[in-house]
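Would you mind keeping the following structure in view while I ask a few things?
By written order: A, B, C, D and E. Residues from 1 in each chain.
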Amino acid sequence: MGFFLETLFGGLMAGMLYSLIALGFVLIFKASGVFNFAQGAMVLFAALAMARFSEWVPALLGFDNKVVANLIAFVLAMGCMIIVAWVIERFVLGKLVNQEGITLLMATLGITYFLDGFGQTIFGSDIYKIDVGMPKDPIFLMESTFPGGILIGSEDLIAAGIAAALVVALAVFFQKTATGRALRAVADDHQAAQSIGIPLNRIWVIVWSVAGFAALVAGIIWGSKLGVQFSLSQVALKALPVVILGGLTSVPGAIIGGLLIGVGEKLSEVYIGPLLGGGIEIWFAYVMALGFLLVRPQGLFGEKIIDRV
Amino acid sequence: MSTPNILLNVNGIEVIYNHVILVLKGVSLQVPEGQVVALLGGNGAGKTTTLRAVSNLLAGERGEVTKGSIELRGERIEKLSTSDMVDRGVVQVMEGRHCFAHLSIEENLLTGAYTRTDGKAAVAQTLEKVYNYFPRLKTRRTSQAAYTSGGEQQMCAIGRALMANPKMVLLDEPSMGLAPQIVEEVFEIVKDLNTKERVTFLLAEQNTNIALRYADYGYILENGRIVMDGAAKDLRENEDVKEFYLGMGGGDRKSFKDVKSYKRRKRWLA
Amino acid sequence: MTDKKIGDVILDVQNISLRFGGVKALTDISFNVREHEVRAIIGPNGAGKSSMLNCINGVYTPQEGRITFRGQAFSHMNSRQVAEMGVARTFQNLALFKGMSVIDNIMTGRNLKMKTNIFQQAIRWGAAEREESAHREFVEHIIDFLEIQPHRKTPVGRLPYGLQKRVDLGRALAMEPQVLLLDEPMAGMNVEEKQDMCRFILDVNEEFGTTIVLIEHDMGVVMDISDRVVVLDYGKKIGDGAPDEVRANEDVIRAYLGTSH
Amino acid sequence: QAKEQFFPVLVYRTGAYAPNGVPFANGYVDYLKLVNAQGGINGVKITFEECETGYATDRGVECYERLKGKGATVFQPLSTGITFALTEKAPADKIPLITAGYGRSESADGGVFKWNFPLLGTYWVNADVLVQHIAKKEGGLDKLKGKKIALVYHDSPFGKEPIPVLQERARTHGFDLQLLPVTAPGVEQKATWLQVRQSRPDYVFLWGWGVMNSAALKEAVATGYPREKMYGVWWAGAEPDVKDVGDNAKGYNAAAMQHGAQPDAKVVQNIMAQVHAKGQGTGPKEEVGSVLYMRGMLSAMLGVEGVKRAQERFGKGKVMTGEQTRWGLENLALDQKKLDALGFAGVMRPVSTSCVDHMGSGWTRIHTWDGKKWGFTSDWYEGDQQILKPMVKAAADKYAAEKKLERRTPADCQS
Amino acid sequence: MLYRENGQFKTSYRADQQIFPILQDRVVIGLLIAFAFFAVPMMASEYMYRAILVPFLILSLAAIGLNILVGYCGQISLGTGAFMAIGAYGAYNFMVRIEGMPLLAALVLGGVCATVVGVLFGIPSLRIKGLYLAVATLAAQFFTDWSFLRIKWFTNDSSSGSVSVSGLKLLGWNITTPLDKYLFCLGFVIVCAWLAKNLVRSHIGREWMAMRDMDVAAAVIGIRPIYAKLTAFAVSSFFVGMAGALWGFVHLGSWEPAAFSIDRSFQLLFMVIIGGLGSIMGSFFGAAFIVILPIALNQIPAAMGIPISTALASHLEAMIFGALIVFFLIVEPHGLARLWSTAKEKLRLWPFPH
């Protein structure tokens, strides 16, 4: 029982971390109908920027205060993400208005290559550290009830809290504001949105900047967990089942999807894995998402897929 | 009316789609401020293309204006974006509805007011006005646009454009798919806005009959060229127009059942 | 109107009701269609006309009621069955296959009649090629008939709206249907084009004896070419009969026509 | 034409494994530069060209094809996947492959694998040595009975290589082996470490590469598994694996493939003096002498020595062909004296290869991270040939049967 | 003026239905094939065969397969690598387990294995659509990756999960030299491309396209979605599976599951989109582009004697590659094939514009 709970909590925590990345996907999809495969690359890029700036800034300015260094680095990294958003709008999406989803998807794959190369060129391809003072030591709960207690990573706990806060903020933004509505309109029909005067370019810069912000937060949390290096871009693959399970267009879906996938994945690996030789969590997550989709093809909270004659 | 100032001046434009398909072959037309100008012509004549050129929606269709110029109040606008045009008060109602499928009818209408800065109350007022024009929309206000009937979507598209409080509306086939009653109503709305709020209209329409009844001036476009233009009432009296666009060979309306020969207009054009 | 033999009831719609959540699209609708006739359905926007066709087609499943086709009753129709029984259809919102050429679009209408298997098609040589040529010939006739020869190989997405409507009709005709359901085939056409379209429809009706169910907002067209008219309003039937009767019906005038034409 | 011996250099300086690939590549190239600085191989200058594989097999194959055309005489694929692919191609091209410390374990059998040289040790040796080491700590092989060892491995051919040896050992000594695969690249290991926490194994063997290693260490910290009980493969025992875990990785052990991090070794000093001092160093100075840098250097040295040995037979100061180099590698005799002369004293032990033994030697030590650097914490071990030899032979025979190859005859061995 | 169909009248529908209705096109293609069979062997180096031509041909075949699914039937798949793997391991198992299995039969049977699994993973497509389906196909990718690593039977009990084949032979022809391999692949791929082209221009092909463009309308004219989608999955997986088998057997000779990883799936998707969705010809263009471009980019600095470090070179390569992809998508979202046909249309009008 103790172990079950521990696995459950572990899954929930891992799930929140996935949500954080899934959020980036959802944001951009919801606001422009683009399935942004570059989200992983953006996470890496943001994390690299953060890690390197927090190293360079104190060296350059010659002070030794970690908090200040981190703050400055955060601002600079965010600046980078805004520039990235602007460049993407200006040179890629702006020129692909009204194209089909799959073309846009490919374009984001192109962006992925570019960002990967570019990020490593300017920031380097070694392992870097982000140290924002996340606690590393485990916390034990209910030690009296279960032998050894239930272990929870304190780092995970904080990350989960941040993710939750971010999601709530974004969900409100989308549902309650006029800009949120305009964003959803853009996702439905680029051309019609243009025709009523929604300035696609400005909207896209904003959305990609927000997604950049989500990427930066994800990058900091994942980066301080894993170290900042190329593999960080691959955690995006873990967020994909979350996105489809929760629904491509739903911010709360990213959270619920994340939790479900996280828990499902960990429980399956721990309880079914040994029977099958282990290593099943990655495909199990996808199969789980697939199963949900068979029941609800638009994901748990996604907007209904419309086909009508 | 004294000589009205020209609001929109299209000057010999050529439009090419996909780098190879030449669609407009030098179209010139003028829309005076505060008037209703109709753009008539058969299928594929290039009406939609002309409107797209004006509102700068061609890029998304991989088309471009290769020759000529378009001026709005004397300002060259070929390089502007669609949203710049909306800022200048020019809104297009696209052919084939194009509602935002996932948004409800009301949300669709509200997005139409995206560019407005005159406050919530004013927007609510316009919304009320649109609902007054199209009561059907009010009953369907919470349905997702994708699940409304063809005609309801058409009303939604028109209503959405009105929400922007435009100075000039480019209407592309507003009557399509609407019940006859509503068609009349739409044109009444056009007249209403035109007279009361001095909104200028450029409308592409297949329903020549009604279009010429409400328009001040008409252009007939065939095969990417303007073949005829004139005041609406003159056009209505023109024999060719009567025969080919109003379906009234020799004075009377012919029954659809009895018309046996086609291809006449094509001969006329040749 | 007199030289045409109108036969027995071919399609009988009985007490159909269709709801979408709270929206009652159709309420207890019954009407029938006789062989070889031109049957029009009219009504204001959102009355449920297209939904009616969708029910006949098997795209929607009505909650109540039955549809009898040639004496066979169905409470649910599957699109494929309907097609096999010889019912073809055009769409209000242009449901053409955008990426395909005009010929290919119309050829899809022949699919039900093409029998070679996938291996024969892969090799092509022989049976598949013969079949393809034979059907191609049929399709060329339709293309000639609809006068869209110059656009044969153009992707339909590039065609102007009116021609797309014609291709849509062509695709339906390629199925050699016994019953042809037309959803606003003349929307977006000018008078002359409408005249052409009427000609096509009447020719089909006269030459092949195809039964036609037509939704149209142009009263001129409806009154001129249809044999009988059903009028729907808010999902209910408010009139049914010959054009002249319907035109005189008070309910219809109030709900739809506005002024009498 | 000048006499030049061409060395292709397959590297990965980008992608997921770049942090590990870069120091290796730098060591490799620096050593070649050092040889040139010292006058080449008996006067034959070395030329070399890098080709980026990104650790991807198809790019590796493309690199091979490209550099082969430029007169390459020996390849070091530097990835298990690429090794597998090149093993099929090398015999036809008559180019030997050096896979020092990686590749297929059964290729130690030169009777079947004529062109493969897993010099200095295979994964089977590595796995065997780890078992020996913990047995020693426990106080004898018999003490292993009833113990539990978890193998946390990279789910790929690389990660699966040690399994047969460990299973064999588990059978004979009666310890429990728990297999815990980690899907590449190994960024998410929570489930794995929850399982470790549940089953509380006495030891964890970490068979990872790249980010997987540091992620595993971090999860070990998070789940409170003692790092002292963790033993890594020799590819999981370098600076990039522990660097950003820092103090938390203190006590973590890994096999050392002969060498460890030895910045004060003679050969390293030579490089500093003769290459870096002249501004010709490939990477940053701080990295010189680190574990993977050393391994790169060592690998380069083996290739150079193969050529040198071949020259002894086929003519000093000549450019060797692939076939001649193969003979050189097969008859390598790096005794202590030669090693000392090369500056490898204390870095590695003598190696001598033969027609049947393409591995040469399998000396291994254990080193431990003290929070700042790696330091040796054990004596030398060697794989237990009684266990390994039959396994190698059986696997090689199976390969030969599949490929319909004949074992090499003694006559062939002379050639 | 040279490129005109003027004066080429079709006297039968059959003639009009040829793959290349215009004489000039037929001549060019004929010459191209003749060139590939006779001229290339006289000029190409071993490196060309092994590193460029053979991978190009095999990946073209896989791209054709994927194009049938994505380009013709509109079902986006990110799991192509999986089906290549199934083809490869399937063919391998037939080869090692059945004595005297002919090479060709093994390849085809590999394709059949992929077909079976493809149909299985195609079933969800009846409900799941668009990008949801695309992501869901990754389930196939990760599941097969895992299976071939974990289930020893598939790899003939190889301890590492990596397998190899050698001694390829076709009717007494030993396929050993790079030239042999090239010719074998060339023949194989041309035949497959021809079969694929026949399929897509027959009624089954039209069914796929109808599903892609408007599935409800397709159903109304009597096309069964189940049949259309599953045949697309089946045919697509069949070609992809054979390509996988060729990749393993002919190109690599020895492989591990990582040879068919998700990167391969993306690479193939790139090919069909850059090449042109819904175009068999485009699959070749796309494959050529994606195979040759990185290699070319990689060699440019060395060829021009610019001394930049390997790392920088490959970062630049990634950047340029990504930028070029975006560039081509912007120039022509419908791919190189469309660019090509636009160019032809222009040529047809030449020298009079429009």
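Criterion: contacts are C-beta pairs under 8 Å (C-beta built on N, C-alpha and C of every residue); 3 or more make two chains touch, one makes a residue touch a chain.
Which chain is which protein? Per UniProt: A, E = Branched-chain amino acid ABC transporter permease; B, C = ABC transporter ATP-binding protein.
Model, not experiment: these values are computed from the prediction.
Participant: Give the chains in contact with both chain A and chain D, ordered by label.
Facilitator: For chain A paired with chain D, the chains in contact with each are E, in label order.
Participant: For chain B, which other chain has the most distant CA centre?
Facilitator: D
Participant: Quick check on this structure: which chain has its C-alpha centroid closest to the centroid of all protein C-alpha atoms?
Facilitator: Chain nearest the centroid of all protein C-alpha atoms: E.
Participant: Centre to centre, by mean C-alpha position, how many angstrom separate chain B and chain D?
Facilitator: 74
Participant: Using mean C-alpha positions as chain centres, tell me how far chain B is from chain E in Å, no decimals.
Facilitator: Taking the mean C-alpha position of each chain, the two centres sit 46 Å apart.
Participant: Just give me the whole-number Å value for how far the CA centre of chain A lies from that of chain E.
Facilitator: The mean C-alpha positions of chain A and chain E differ by 32 Å.
Participant: Multi-chain contacts in chain D: which residues touch at least two other chains?
Facilitator: Within chain D, residues 13-14, 18, 22, 155, 181, 183 contact more than one other chain.
Participant: Provide the list of chain E residues touching at least two other chains, using ranges where the numbers run on.
Facilitator: 142, 146, 149-150, 214, 216-217, 220, 311, 314-315, 318
Participant: Multi-chain contacts in chain B: which residues touch at least two other chains?
Facilitator: Residue numbers touching two or more other chains: 147.
Participant: If you look only at chain B, which of its residues touch chain E in the complex?
Facilitator: Residues 16, 18-20, 22 of chain B touch chain E in their complex.
Participant: Can you list the chain E residues touching chain C in their complex?
Facilitator: 12-14, 16-17, 195, 198-199, 202-207, 209-210, 212-214, 216-224, 231, 235, 278
Participant: For a test of understanding, state which residues of chain B touch chain C in their complex under the given definition.
Facilitator: Going through chain B, the ones touching chain C are 17, 21, 40-45, 48, 95-97, 136, 140, 143, 147-152, 154-155, 173, 176-184, 206-209, 244-247, 253-257, 259-260, 262-265.
Participant: Considering only the defined contacts, which chain A positions touch chain E in the complex?
Facilitator: Touching chain E from chain A are residues 35, 91-92, 95-96, 99-103, 105-107, 109-118, 120-121, 125, 237, 240-241, 243-244, 248, 276-280, 282-283, 286-287, 289-290, 293-294, 297-299, 302, 305, 307-309.
Participant: Name, in rising order, each residue of chain E that touches chain B in their complex.
Facilitator: So the residues of chain E touching chain B come out as 342, 345-346, 349, 354.
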